[in-house]
Amino acid sequence: MKEFPVPVQTAEDPSVKKQSGNIFSNVFDELVRFAQSRSLFMLHYCTGCGAIELPPAMTSRFDMERLGIQPMVTPRQADILLITGYVSVKTLKRVILTYEQMNAPKYVIGICSCTVNGGMYWQSYATAKKLNDYMPVDLYIAGCMPRPEAVISGLRQLMEKIKIGEANSWQDYFKRYDYYLGNQQRLFGETWQTPTDIIGESKHYSLHTPETEGEHTRLLELHQRPLEPLEMRLGLSEKTEDR
Amino acid sequence: MRAENYEPKQHPPSHEYELNFGPNHPGIEGNYALKVKLHGDTVVSARADAGYLHRGFEKLMEQRLWIQNIALVPRICVPDPSPMEVAYSMAVEQLCGLDVPERAQWLRVMQLEMSRITAHLFYFGGHAATTGMYNPMFWGVADRDLVLDLFEELTGGRVYCIYNMPGGVRRDIPEGFLDRLSRLLDYLESRLPEYDNLFFTNHVLINRAKGTGQMSQHQALEWAVTGPNLRATGLQCDVRRDDPYLVYDELEFDIPVEQGGDALARTLVRRSELQQSIRILRQIIQRLPSIKGPIRAPIPNPLAWNVPAGEAYVRLESSKGELGWYVVSNGGQKPYRVHVRGPSSMHAVQVLENLAKGSRLEDVAQIMFSLDACPPEVDR
Amino acid sequence: MEKPIHMEYLLNELANIKVRNERQRRMRLDVPSKELPAVLELLKGRAGFMHLSAISCVDWIDENQFELVYHLWSNQVSTLVSAHTRIERDPGVYLSVYDLYKPAAFWERDIHEMYGVFFEGSPDMEKFILTEWDGPPPMRKEFDSEAWVNDHFDWQNYRPDWLQEIEQEGGGIAILPDEQRFSRKAEE
Amino acid sequence: MSSADTKKKDIDYNSNGSVLNPLKALSFFAKKPVTEKLEPRIAAERYRGFHVNDWEKCIGCSTCQKVCDNAAITMVKVPSQKEDPLNGIRNLRPAIDYGRCCWCALCVDLCPTGSISLSREYVHTCYDEQLDSYFLLPDPNGMHNKDYGEGWNKTEENDLVDHNRQVMPERTPESRSDNFDEIVDGYDKQQAIIEASRCVQCGMCHDACPTHMHAPEYIRAIWSDDIEDAVRQIYRTNPFAHTCGRVCTHRCETACSIGKRGEPIAIRWLKRYAVDALSHDKIKDIVLGDVNPESSGFNIAVIGSGPAGLTTAFDLAKLGHKVTVYEGLDKPGGMPRYGIPYYRLPFDKLDDDINVIKAAGVKIKCNTWVGKDITLEQLKKKNHAVLLSLGLQLGRSTRIPGSDHKHVQKAVTLLQKIAAGEKIDVPKTAAIIGGGNVAMDIARSLARLQKQKFGEVNITVTAMESFEHFLADPEEVKEAQEEGVIILPSRGPQECMIEKGALVGLRTLKVLSIFDEQGRFAPHFDENDEICHECETIVEAIGQMTDVDLLGEELTEKLEWQRGRLQVDENCRTSEDWLWAAGDMVRGPDVVHAVADGHTVSKSINEYLKTLQMEKKSS
C-alpha cells in the first residue's frame, strides 16, 4: 500500500484530468486518497517536548492505531512528519534532511505553540521559531503540549484533508523551493546544502515553477559540493579511550 | 571482545565502522545521538552527541522574572517535570527566606511521588520496548496516564503541572482527590503482579538485562552516578534520606538496593521504588487531612519582586537521580544565574559512553533506557 | 555531633579560605584560585567529599570575572560544600580537576562551550551541545540572545478577521507585547 | 552508608525468570479495553485550556500582558467597549497568541479583576492557511463559540494580587481630638516599598489624574528605593507635591486597577512618602535642574497664590518668564492654607512647596489685594498676560429662615480664621449644615477647639445626602465620628431657631429625595420626621463662590458667565485674549484639578507669548 506510486499519479496535471471527466480515473483517485488517509505512517522522531504525549496517543488508552496511524522508524516509509514542539537549530537541519528524504505525498504536522511562533522559547538563540519558514506545514495542533485527544483530533482532520485531496502542501516545497531554501540559508549560513536534489525532483514531479529557482538556489549551486563518503570524525581514539 | 583488548590499527579493516545512533532512531530516548564505532557488532567506543534539544534554558531564565520562570522550569525534563518546579521554587524560597507552610510541603511531596510513579511506569515501558516487548510499554503508558488524570485534576495540566510557585503550591487538592488517589494506588498495586508476570520475571528480560551495562559500585561513584542507578550497585544513597528536604524526614520509606549494577538491577530497583512511592503516598493520604493551614506563603507582587542577593544550591531526588539547582541572585528582578544539574548529564554522557564501550550494538539502546537517561536534562 | 568540628579542624589547615555555614548541611568556601585544587584534594581525601555534584560558572561581567563553583557532597559528614573561586574573565583559563573527579570532564566541557573558559588538563574541550553554533559562547552576559533571535528569525504576522473588523471600527492593536515587557524594562 | 540488603525482595535478582509467565497476560483478552472513545474527553475542572475573558469585568489594564512570560499577549483596542479613565476602565482587551502561550495561567493568577480565566476547551487544529486563528481575542464565548465550562480560574488560593494596603500609622481618636497635630504619620521606608511593590503599573492612575501625574513611574522608583527619581517624576507634573501627597482627592486611587477587588494602592501616601523622605534642599536641586536661566523678557501677573496660580507661575518661571503673584492675604497658599485644617496639611509642608516654587524664580507679593491696592487695569498694562486664580473664598448661604443671624456662619470664613490663628468664639454646641469635605473640616476643627476649651465635643453635622451618596470621603466621615462628631444623613435644614435674639437650634426634616425626575435640585421632605438640634452656632458648609469684584463692571460685562462662574475655553482662556482664569473659580474645589489647570494655562500663555514674540520679530 505504501509503495503505491503516488508521485507518478500526481505527476499528471490533476486539473486536466478532472476536466477529462474520466469517471474511472476519478473513482480511482478517490479510492487512492481514501486508502492513503486510512493508513498513515508517522515518523518516529521526537523533536521536542510534545513527544511525551505521543506514547499515550499511540498506545492503548487513546490508540491512534484505530485510525490506521502508527509510528514508522524510517523517513523513507513515513507519510507524516510530526514536529513535536520546539525544533532546535541543530535538530532543524536533521528535520529538513528527513523531510527531503520522505516520499511524496508527505504531510507535516506542527504541534505545540513552538512550531508556530516560537512558543516558550521565543527568546532562545537555539530554537527555530516558525516551522513554515523552512518547510510547508499541513496542519497545526495547538497546545503546550496538546493532549493526546487533541493530537488525535488533529490527525483525523488531516485524514479528512487527505481524503478530499487537499493536503497538497508538500508540493509547495517544490514549487517554492527558493523561498524555503532562502530561510534555511538565513539560519544555517549560505553554505547549507542537503544531499537531496530538490530541483531535479521538482522537475520530475512536474512541479517546477519559476519560484523553484532563484537567488538562493544559485547560491546553493555555488557552494554545493558533491557528497563525499563520511569520514571518521569521532576523534575518540586518544580522548575517550581511557575514561 | 572487550574494549581493553581492542587495538586500533592504522587502516581500519572493513568490519570496523562508524554508526550514527540517533538522533532519529527508535532506540534512542528522546532526541539524542550516540556516535558509535563498531568492530563487527561490538561497540569499540561511543561518543554522545547532544544539543538536539538545546534551548538555552539557563540563558532564558536569566531573561525572565522570577515568577515567569515557573512556567519554564518543568520543561527541562519532560518525562519527570515536577521535581524541577519544586527545586526551583525551593531555591527561590531559600534566597528569599520564605517559610513554606506545612501543608504546601506535604502537597509537594505528594506531587513529587506521583511524578516519580509516572516516570517509573514510563521507564518500564521504555525499557521493555528496547528488549522487543511492547506490551509492558502499552501497559506502562496507559497506567501512567491514570496518574496524569489525577495531575490534571490537581494542577490543571497533565504533564507540565506548573503547580509550584515560590512560597508554596498554587491550588489545594480538589474534593475527593485523596480517595481517588487511594483507589489509584490500590489499582497500581494490584497491577504489579501482572507486570511481574509480563515483564520483571520474564525470561527474555532477565536474559537480556542481566550483565548488560554492568558497572561496579566503585565505577558508579567515580562517574557520579546517582539515584536508582547508584542504588542498583548496592549503595544505599538517596538524597531524600541523606539530605532531607520538605517533609521526607517525617515519612517512612525504605531505600531499595540491588547488587547487580546492571540493567536488570536498575529495573528492579525502580520496581521497588514504585512500591515505596505508593507507600509514601499512602502516608500522605493519611496525614494530609490533619494538616491545616495555608498552601502558600504570601509572596510580593510578581511584577515588583527583587529576590535578595545570594545563592542557593538545592538538591532533590528525582526519579532519575540527584537533581541539583544552583540559583544565584544579584538582588534583581531576574535570576542572575541558574545552573541545573540534571542527573542525566552524567548518565547520558559519561556513563553511557563508558558502559556502551565493549557492549553489543543491540544492547546500547537497552543500556540507555535502563539508565533512564533523559536528553533534555543534558541539553537544557 | 563532631561533624562540624572535624570540618573546621580540616579547614583550619588551609589559610586564605573564608568559610561560611549558610544553612543546615550547606557550607560555602571562598578559595583563591591558586589553592582550589589543593582544597578539593584535601576535602576528597580527608572528609570523604567523593561526589562532585556539579561545577557552575557565574559570569560577573561588571567585575570582569568568572566565578567557578564546585559543589561537593560528602556522605561522611553529610554536607554540601560549595567551593567558590574567581578567575579573570580574560583570558579565562583555569586548571581542570579531572584527575580528582572524573565527572569534571562533563562540566568543564560544558562551561567551555557556554562561557569560553578553557580548562587546562581537561580530557576534552571539544564542543558538545553547540557543535553547530558559530556565535560567541552564549551564556556570557554580553551575548544578547534576543537581539540575535530578532536578527535571524521573523515572527508571525497574524491578520485574523476579527482584527480587521476591529480596525475598521477604529480600534486595532494598541500595545504590542514587547512594549510592556517587565523583564526587559528593568534593564533600562 | 550501608549496603545492607536484608529485606526480602518480591523478585529475586538471581532468579532466571519464566518463559511461561508472560502468557498469563493472555487473560487480558477477556478484560475490558482501557481505550477511550475517539472524541475528546471533557477536561478536569481546573484544566488550563484556551482563554476566556469576561469583557464586562475586564478593564484593559494589561497586567496579563506584563506577567506573560512568553510575550504572547497583545492589547487590542476594541472601540465597542466602554472607555472610562476616571473609573479606571479602558477599552483594551488582551489578545492571545497561541503560537507563544504556554498555558501557565499566570495571567489568570495576577489579573486584578479576575476577568480572564482558562476554559476546559483544549482542541484546536488548523491548516497552514488558517494560522491566523492562533491569534485569538478571548471573549466569554470561548475559542470556538462553544461552552466547555470554566477551567482554571481565579480563586483565593491562586490569587497573586495583594489586596491589602499597608496600614497607615495614625493617631488614635483620643490622642488627636484635642489638638491640631497632623493625624497620619506617613509611611516609613519599608512600608512604602511594600506598598509600592503592590503596583502592577497599569497606568490607570495616570489617565485618571487631572494633571496626569506619572504615578506608575514614581511608584516604581519608590519601590526601587530611588527617591530622587521619584521626586523628579512627581515634579514633572505637580509642584504641589507635599500638598497633594496629603490632601489630594486621589482620583488615581479610584481608578486603580488593584482597587477593583481590593484596596487600591495608596498612591497619595506614596507621593507623600517620596517628598518627605528627601530633604528640602535636595528637592530644590532636582527641581531647579530644569529651570531656564535666561530671561524671556515677558511679564506675567497671577492673581491669587493658590495651587492653580502658583502652578502656572512655576511652569512659566521655569521657562524663563518673569512672573509676579499677587496675594491679598498675608501668606501665600490660598485654599490649602486657609481652607484645609492643620491636622490634614501642616503649614510648614505647604511652605516647602511654595519655597520650591519661589526658588524657581516666582515673585509673590502678599497683602496686595488686586482691586484695592492695585487695579487690574494696571496689571494689564504692566504684563503681557494675566491669570485670575481667585479661588472660592465666599461661603454660600442656605437662606433658610434665620440664617442671617450673626451666629450662623460660613464654614470657609471660619476655617480661614482658625488657620490664620485668629481668636474665635468657640461655641459649646454647634450644628453644621452640609455633607462635604468642608463640612467635615469645620466640624473636626471646631471639635478640637471644643475639646480644648470644654473637654467635650458637641457637634452635629446634618447632611441632605444619605450615607451611600455622601460627598465627603468615607475616611473623613469615619474619623470625624471617631472624634465625637455626630453625623446625621438625610436631614434637610428648615430653620435656624432663634429665641429672644439668641440662636438656640436648627430644625431639620428627613429628606426623602433630593433631586426630581429631571435631575434638578428639588428636595422632598418627610414632614413628620422633624428634629431640633440644639446649638449655639450654626455653620453653613454647602458650597462656596468667588469674589469677582476686582474685575470691575466693564470687564464683568465683557466676559462670559454661566451660573455665576466665569466661562473659559479648554485652555482656561477667557474671551479676553490677555486674561486667563483657572482653579477653583472655574472648576470647583479640588487641589489637583487646580494644578492641572495651572499647567493648561501655562502652556496656553506660553503659546500666546510665542506668537507675541513672532509678531515682535516680524515687526
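A, B, C and D label the chains in the order they appear, each numbered from 1.
Note that a residue touches a chain if its C-beta (ideal position, glycine included) is under 8 Å from a C-beta of that chain, and two chains touch if they have at least 3 such contacts.
Remember, predicted model here, so these are calculated numbers, not experimental data.
Chemist: If we define chain centres by averaging CA atoms, which chain lands farthest from chain C? Would you check?
Modeler: D
Chemist: Averaging the CA atoms per chain, pick out the one whose centre lands closest to the mean of every protein CA shown.
Modeler: Closest chain centre to the overall C-alpha centroid: C.
Chemist: Centroid from C-alpha atoms only, then distance chain A to chain D, rounded to Å. What do you get?
Modeler: 59
Chemist: Report the inter-chain centroid distance for chain A and chain B in whole angstrom, where each centroid is the mean of the CA atoms.
Modeler: 31
Chemist: Round to the nearest whole Å and give the separation of the Cα centres of chain B and chain C.
Modeler: Centre separation, chain B to chain C: 22 Å.
Chemist: Whole-Å distance, chain B centre to chain D centre, using C-alpha means?
Modeler: 53
Chemist: What are the residues of chain A that contact at least two other chains?
Modeler: 60-61, 90, 116-118, 120, 122-126, 144, 147, 240, 243
Chemist: Give me the residue numbers in chain B that touch at least two other chains, ranges are fine.
Modeler: In chain B, 51, 54, 56, 59-60, 63-65, 68, 71-72, 142, 160, 237, 303, 350, 379 touch at least two other chains.
Chemist: Please set out, as single numbers or ranges, the residues of chain C touching at least two other chains.
Modeler: If we look for residues of chain C contacting two or more partner chains, we find 75, 102, 105, 131-132, 138, 143, 145-146, 156, 182-183.
Chemist: State the interface residues of chain B toward chain D in the complex, per the touch definition above.
Modeler: Listed in rising order, the residues of chain B that touch chain D are 64-65, 67-72, 135, 142, 149, 152-153, 155-157, 160, 162, 170-172, 174, 192, 194, 196-207, 217, 234-237, 254, 256-260, 264-265, 268, 271-272, 275, 295-296, 298-306.
Chemist: So in the complex, the part of chain D that touches chain A is made up of which residues?
Modeler: Per the stated touch rule, the residues are 33-36, 38-41, 43, 50, 69-72, 97-103, 122-128, 131, 134.
Chemist: Which residues of chain A touch chain D in their complex?
Modeler: For this pair, the touching residues of chain A are 60-63, 66-67, 113, 115-120, 122, 132, 136-144, 146-147, 149-150, 152-154, 156-157, 161, 169.
Chemist: Hey, which residues of chain D end up touching chain B in the complex?
Modeler: 1-5, 7, 9-11, 13, 15-19, 21-22, 24-25, 34, 43-48, 63, 66-70, 102-106, 109-110, 118, 151-152, 155, 157-158, 160-162, 194, 196-201, 220, 223-224
Chemist: Which residues of chain B touch chain C in their complex?
Modeler: 48-51, 54, 56, 58-60, 63-65, 68, 94, 221-224, 226, 237, 242-243, 303, 311, 313, 315, 322, 324, 326, 328, 332-334, 336-337, 339, 341, 345-346, 349-350, 378-379
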